[in-house]
Amino acid sequence: MTAPLLQVTDLRTYFFTDQGVARAVDGVSFSVTPGETVALVGESGCGKTVTSLSILGLVPDPPGRILDGSSIRLRGEELVGASEERLRRLRGNEVAMIFQEPMASLNPVFTVGEQISEPLRLHLGMSKRAARERAVALLNEVGIPEPAHRFDEYPHQLSGGMRQRVMVAIAIACEPALLIADEPTTALDVTIQAQILELLAQLREHRGMAVLLITHDLGVVAEVADRVVVMYAGQVAETGTATEVFGFPSHPYTEGLLASIPRADRSGERLRPIPGVVPAPNDWPAGCRFADRCRYAWERGAAEAPPLLELETGRGEERAARCWLVAEPARRHPPIVAETEQ
Amino acid sequence: MMTTRARIVLGLTVVAAACGRDYADGGAAAVGVETFCADVAPHVDAFMARMEQEHSVTDSARYGGTVVVASIGDMVDGMNHFVSSDYTASQNQQFVNLMSLIRYDASIQPQPYLAESWEVDDPTHPSTITFHLRRDVYWHDGVRTDANDVAFTYRVVTDPETAYPNAAFWDHYVGGAEGIEVVDSFTVRVRLSPHAEYLDPWTGVSIMPRHLLEGVPVSQLKQHPYGTQCPVGNGPFVFVEHRPQESWTFKTNPAFPTDLGGRPYVDRYVYRVIPEQATLLTDLLTENIDVYLAPRADQVPEIIRSEDLDLLRSVSRSYTLVAWNARRPQLADARVRRAMTLGTNRHEIVEAQLRGYGVVANSGVPPFHWAYDPTLADSVRYDPAEARRLLEEAGWIDRDGDGVRENAEGAPLAFTLKYNQGNQYRQDIAEIMQAQLGQIGVKVQPQVMEFGTMIAQLSGEERDFDATVVGWVTEFKLDDVDLFHSSRIDQPYAFSGTRNAQMDRLLDTLQLVVDRQAAIPLWKEYQQLLLREQPYTYFYFPERLNGINKRVRGVTMDARGEWVNIKDWWIPRDKRRAVQRAAAR
Amino acid sequence: MTRYLIRRTVLAIPLVLGIATLLFFVINLAPGDPTQLMINPSMRAEVVEQMRANFGLDQSLPVRYTKWLTAFVRGDLGYSYSYNQPVSQVIAQILPNTLLLSGAALVVAFVVGVLIGIVQAVRQYSLLDQALSFVALFFYSMPSFWLALMMILVFALFARNVWDWPIYFPPSGTRSVDFAQLGTWDQIVDRARYMVLPVTSLALVLAAGIARYTRSSMLEVVRQDYVRTARAKGLRERTVILKHALRNALIPVITLFGLYLPVLFSGTVFIEYVFGWPGMGKTIIDAISLRDYPVVMGTSVIFACMVVVGNLIADVLYAVVDPRIRYE
Amino acid sequence: MPLPVGGGDAVTAVAFPGARRRTRGGRLLSAVMPGAPQLLVGRFGAGLTALLVWVGLLAVLVLRWDRVWAAVRVSSGASLDDRVALVTLVAGLAAAWVWSFRDAGKVQELRWVGVSQWVLAGRAFSRNRLAVLGAVGILILYLVALLAPFLSPYDPSALGDLLTERLVPPSTAHLLGTDHFARDVLSRVLYGARISLSIGFVAIGISVTIGTLLGAVAGFFGSWVDTVLMRIVDMVIAFPQLVLLITVIALFQPSIFLIIAVLGLTQWTGTTRLVRGEVLSLREREFIQAAGALGFSRARIIFFHLVPNVLGPVIVAATLGIGNTIVLEASLSFLGLGVQPPTPSWGTMVADGRSLMLQAWWLSTFPGLAIVFTVLAFNLVGDGLRDALDPRLRR
């Protein structure tokens, strides 16, 4: 195994508000190796976005704060507590990010070209001319026709898919080692979604850049991710390779997520959404945070918070889940499959 | 005393000999209205430059500096005497930019000015006056002032189409061209029917330049650029600049006759408009201005307290009064009106409102005037008991115990007292009257009005008012015919609408008595009659108060006005602005 | 854009004419006329009648209106009764003063207001934010004439006479009396000195309002995704705020430009009065009390035109700042 | 008002307060000292207000017993002013007591999840210290205004001895000095509160009503109705307001009602534009279209569906407007066009006292400060409301 590009260890990002402390990210650990695509999966409110913002040092402070003891290492360099100036130099340069709303993520009052040129000039010290040439090339690379013409257009003159391509162009402008893509396709049509994912896959291949893909869309994950980190209530619920997690979900939450998406290979099944909602981050349950919604829940879950338990897969892969079921597998009843059809 | 006084005619001065000017085209009337200012300005500049050379000042101990006089209102009428009805503008015409034939001295005796002497055919029964003009007075563009200017001025002011605001001055004169005869270039003769104070109009009318304004239709004179944009006078100060609502700037006239004192001491005189009294006081205290005209009496302590400032007090010709509309049944009885006066503590109002800077008035005759009867000064004092007695005698008794008197028919003794917006003094009077008359059972309802609206109501045919607080400014020639004569009862100014045969007779006679000594007993009788009739409750003659910076020396302000000796004002060298500014460097 | 502006201008013509017409009848409703105000017993009724005739006031209202309107359409605003000058000339002498005063105040107000608003938004809910809010609102809550008088007392009177400050300002006027004798540079300094107090008094009140708008607009903008994008690019915080956020936050603030013009012009009335600054506001007020109808009409129409033009400028600025806006 | 759906990760923005401590023995304490139990559990705003009202009104009752008693006695010929003051006194005491008693006994809501936006806004507002300060200030102002007959030491319009008591600086006899009529400035400032507050309140009431109606109609009907109304708005905006004011005052007798009417009738344009804008966007929203589809009448849609939803911004505008109107009245007084004497409006007092700023600073300073702090209070509340009602600006 190669040295990880990004190593997140015991990340705790809390929000201190008048209504109490919201423990949005509460002890998350995972890593990304160079060239790898890792998917961060979970429902809204699970802390995925806060995790990614924490990596970039963009958590709004106040009220948010990364707690002492958390660690985010990029190529071994500690980012927690690093100077704002250092972080700023990393952003857009070493680590870039794409956001979910291409419509809202582009500044409406500047031309597309200017927005792409900005990081080039800032991080690479390019001249206006050089930046323009490079930006046009980038636009071309992300598949925008007539890039030289588009350079001078404003975001509102582009379609949604185009805008997301522009976002990608901005993100990859400085050839970052890590691209964080926060729900990059949620706001797009299905066909465009596929195109954008395809584009990301290509770029990753050509440039050897690692991608941290944040999504609630398991379909997307299955297509592109090497490894999956499932988050629930500010914690990692389950990790493993994509094949492992999809093939053998070991956390009931992952099970639930999988059961709630339509799958071509299981047509005719009834979709089963997970009951309830993610609890509020200032009000996590004391024991297992999923206990309220868990179909297997028993006393132990309510009383005792499960740690992230290593799973022996026998297939030589790292695998872990935060569930007492790992310790007491007998409690997993009845099997999912048996209940799906009537 | 106002008869002919011969004056030694001095020989022509160098100035007089040296100048004179023609317009190239020879005809004054040819000066077009559109280009008037542009045409006139070069002549004025050239003439003044020449005069400045010829009369350069070597002794700068007194000559030099700028004096700034400020007040709340602009002289909107400007220097065009034909259309002027505003006090400040008239003063500046008379004493600053233009000249009248004669002027009053401090004791209100006529003195020569532009006219160096005059004769009357018959001192007791004058029907012609012959004026001999000075020969050394030049319009600021270099043209000499002569008899034709006087004749022109006379014809215009007596022409009804001009709508000369003080046309009434000339009631007893023969108007138009027949009334005046140009005997020679420096002699004019006017014709009149004998009347009291017949010389007075000549102290008030400023002579205007014929060569510039003849040919302008008289009804168009008001709009002529002469008045506000480029007046060309012949007085001690030369017009420089007028910024509407902001300032008038004049500079010294080096060609002003040596006989009359020669050029003024100050180089420049600026009249500034500052509409806010609080600001005016600050301006005076910070030496931004030199003279603050007519501060409020309440501001006076601050002026007195300052080491740099002086307070100049002078008697004034204006008085404040409450006019009773005797057409109203409850105010028709003279006894009721007298009770109002008796029931109002006017002395206290003078003390409180004017801080004592004023005297209680009993008529429109100002205390400094020769016609004033000092024996009447304190004849009516605050006496609520007498006031109540008079009201009861007149049948006004509080019959229902509500504190307000009623007459036999049960109509309450109540009236509204109108006053105009924005005049604190009048508002105060209204409120004090309400309080004090309330104590003798009279219900007064003060009512504020917008000025224009109020005037329309007072002078309109309906006379839509019961009583009103207003003020008048008298001329030196007193004449109340328009106020109280029964023949004028439908005219705008007959606010009170009283009819009294004795009053009519007195007013008629007083207009025609030429001899002041003979007139004095009649005036006394008239003042006594006013005390009895009470068409007005006269309040007071306020003193004119002016705040002035001590660096301005030689200032005289009296009943004649604030600008009366402005050409003699001077500023010590080290106190001048330019000198101080240079020293600060 | 040009076509849009032309269309807007053409549409404004009936608006201005409508205002003028309304105004004409409204002010003529008020009792009294200019001649009645010259109350002087020496003035005979015949004289007054003659004056009325000279002014053309002896004609009926509709006749006068038609005359005024035809002259107005030809660009002739008539003669002032009280200034004894053509109205256009009066306005030409006075309008620059008002434009100077309100223009300077507008610039100062927007610069100061926007700056304060930015600081407040960046430090939302901090002590600084609350203190600035309080101070801004404090000035905003003052009647402008009172603020102006306080300024005079403090920075003219006390500064000079009591505290002996090296810098103090003249209480009133637009220039020194010996202005004409000064050199060019001194003239500029002199005029600036006279402008400090009135401009500050006028601008303080406006700035407070602008700061409030900028603050809320900025608060909204800094939460936008594109600001996060800008940060994610690694831009300096200053660049993020002053370039990416501010440009967007200014869009709603520009609306204020149009909205504030009428406020500004009526605000100048009080400032003009207190500081003896010869301007439009005071001219209108005086003209109404003197029943100088031509001046009231002329100045009011100019006023309306300035409001219309101001709104047009706001529209143009809108398009300049926000590329999404296109006028056809 | 239109409410956004909490989008994305709303953790940072939405408030979920936890349970509050139950107030034990609160009722007992509140019966003796209203506000105290709230203070004990840390609700300083509410607690202090209740306590302040209670103690303040009690103080008035005790210290000014003679006046209060005179107002109570039917035969004393008490004026309407006195009766209003009496009712205010009694009602204020009762309100403070009853509220505190009931509030103290209540078990606090455990969760605020799912509460209405108004409650959320209320909570956001109550966290804004400046705004709460403003609100308490306004409460005190209204109490002072209504209780003026009990509070003021002298008759506000009674002339004192003009020769000896004129322009007396602040002293123990006259806390804020006397004016040029030897009237007590404190009494006039207290009575002035009624005038200034009523002017602001009534004039804005008029203008907001007109503005909301016209704005809703213009926005809802659109097309030519909108065009015509908006052209009228443009015209009113470009029409020099002062010209109209002066002319109207010249036409009629200047009175407080005239001032209120004119101020009310000239200030509605802002509200109209605001409401129109809101309605234009609301009109396209589903629930209005649904209401239309259900066949509701237009009037019903406007009044029951549109207007309530634009109320938030309108309330904000109105609150800010009250402040502006009070300032405007003061400014008119400067031109001599405001409320006319002897009615003691703050504006008139400041304007009349200004020329004596150096000789008798207390004349214009105290009413001036009264204006500044009143307007400040309204503006703080208005600003706070705007922040509170706009979910985007909430903490």
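To keep things simple, chains are lettered A, B, C and D as they appear, and every chain counts its residues starting from 1.
Here is the rule we use: a residue touches a chain if its C-beta (ideal position, glycine included) is under 8 Å from a C-beta of that chain, and two chains touch if they have at least 3 such contacts.
Fair warning: this is a prediction, and the values are worked out from it, not measured in the lab.
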Innermost chain by mean C-alpha position: C
Interface with the most contact pairs, given as the two chains involved: B-C
Euclidean distance of C-alpha centroids - subunit A vs subunit D, Å: 50
Whole-Å gap between the CA centroids of subunit C and subunit D: 28
Distance from the mean Cα position of subunit D to that of subunit B, given in whole angstrom: 51
Multi-partner residues of subunit C (at least 2 other chains): 30-32, 149, 153, 157, 273, 289
Overlap residues in subunit D, where contacts from two or more other chains coincide: 246, 250-251, 335, 354, 357-358, 395
Overlap residues in subunit A, where contacts from two or more other chains coincide: none
Residues of subunit C that touch subunit A when the two form their complex: 224-237, 244, 247-248, 251, 321-324
Residues of subunit D defined as touching subunit B within the complex: 159, 162-163, 166-167, 180-181, 246, 249-251, 253-254, 335-337, 340-342, 352, 354-360
Complex contact set, residues of subunit A against subunit C: 56, 58, 84, 88-93, 96-97, 99, 101, 104-111, 118-119, 122-123, 154, 156, 167, 170
List of subunit B residues in touch with subunit D within their complex: 276-278, 281-282, 285, 296, 298-299, 301-302, 348-349, 351-353, 421-422, 424, 427-428, 431-432, 435, 446-450, 452-453
Contact footprint of subunit C on subunit D as seen in their complex: 129-130, 231, 234-235, 237-244, 246-247, 250-251, 270, 323, 327, 330-331, 334-335, 347, 350-351, 354, 357-358, 364, 368, 371-376, 379-380, 383, 386-387, 390, 392-393, 395
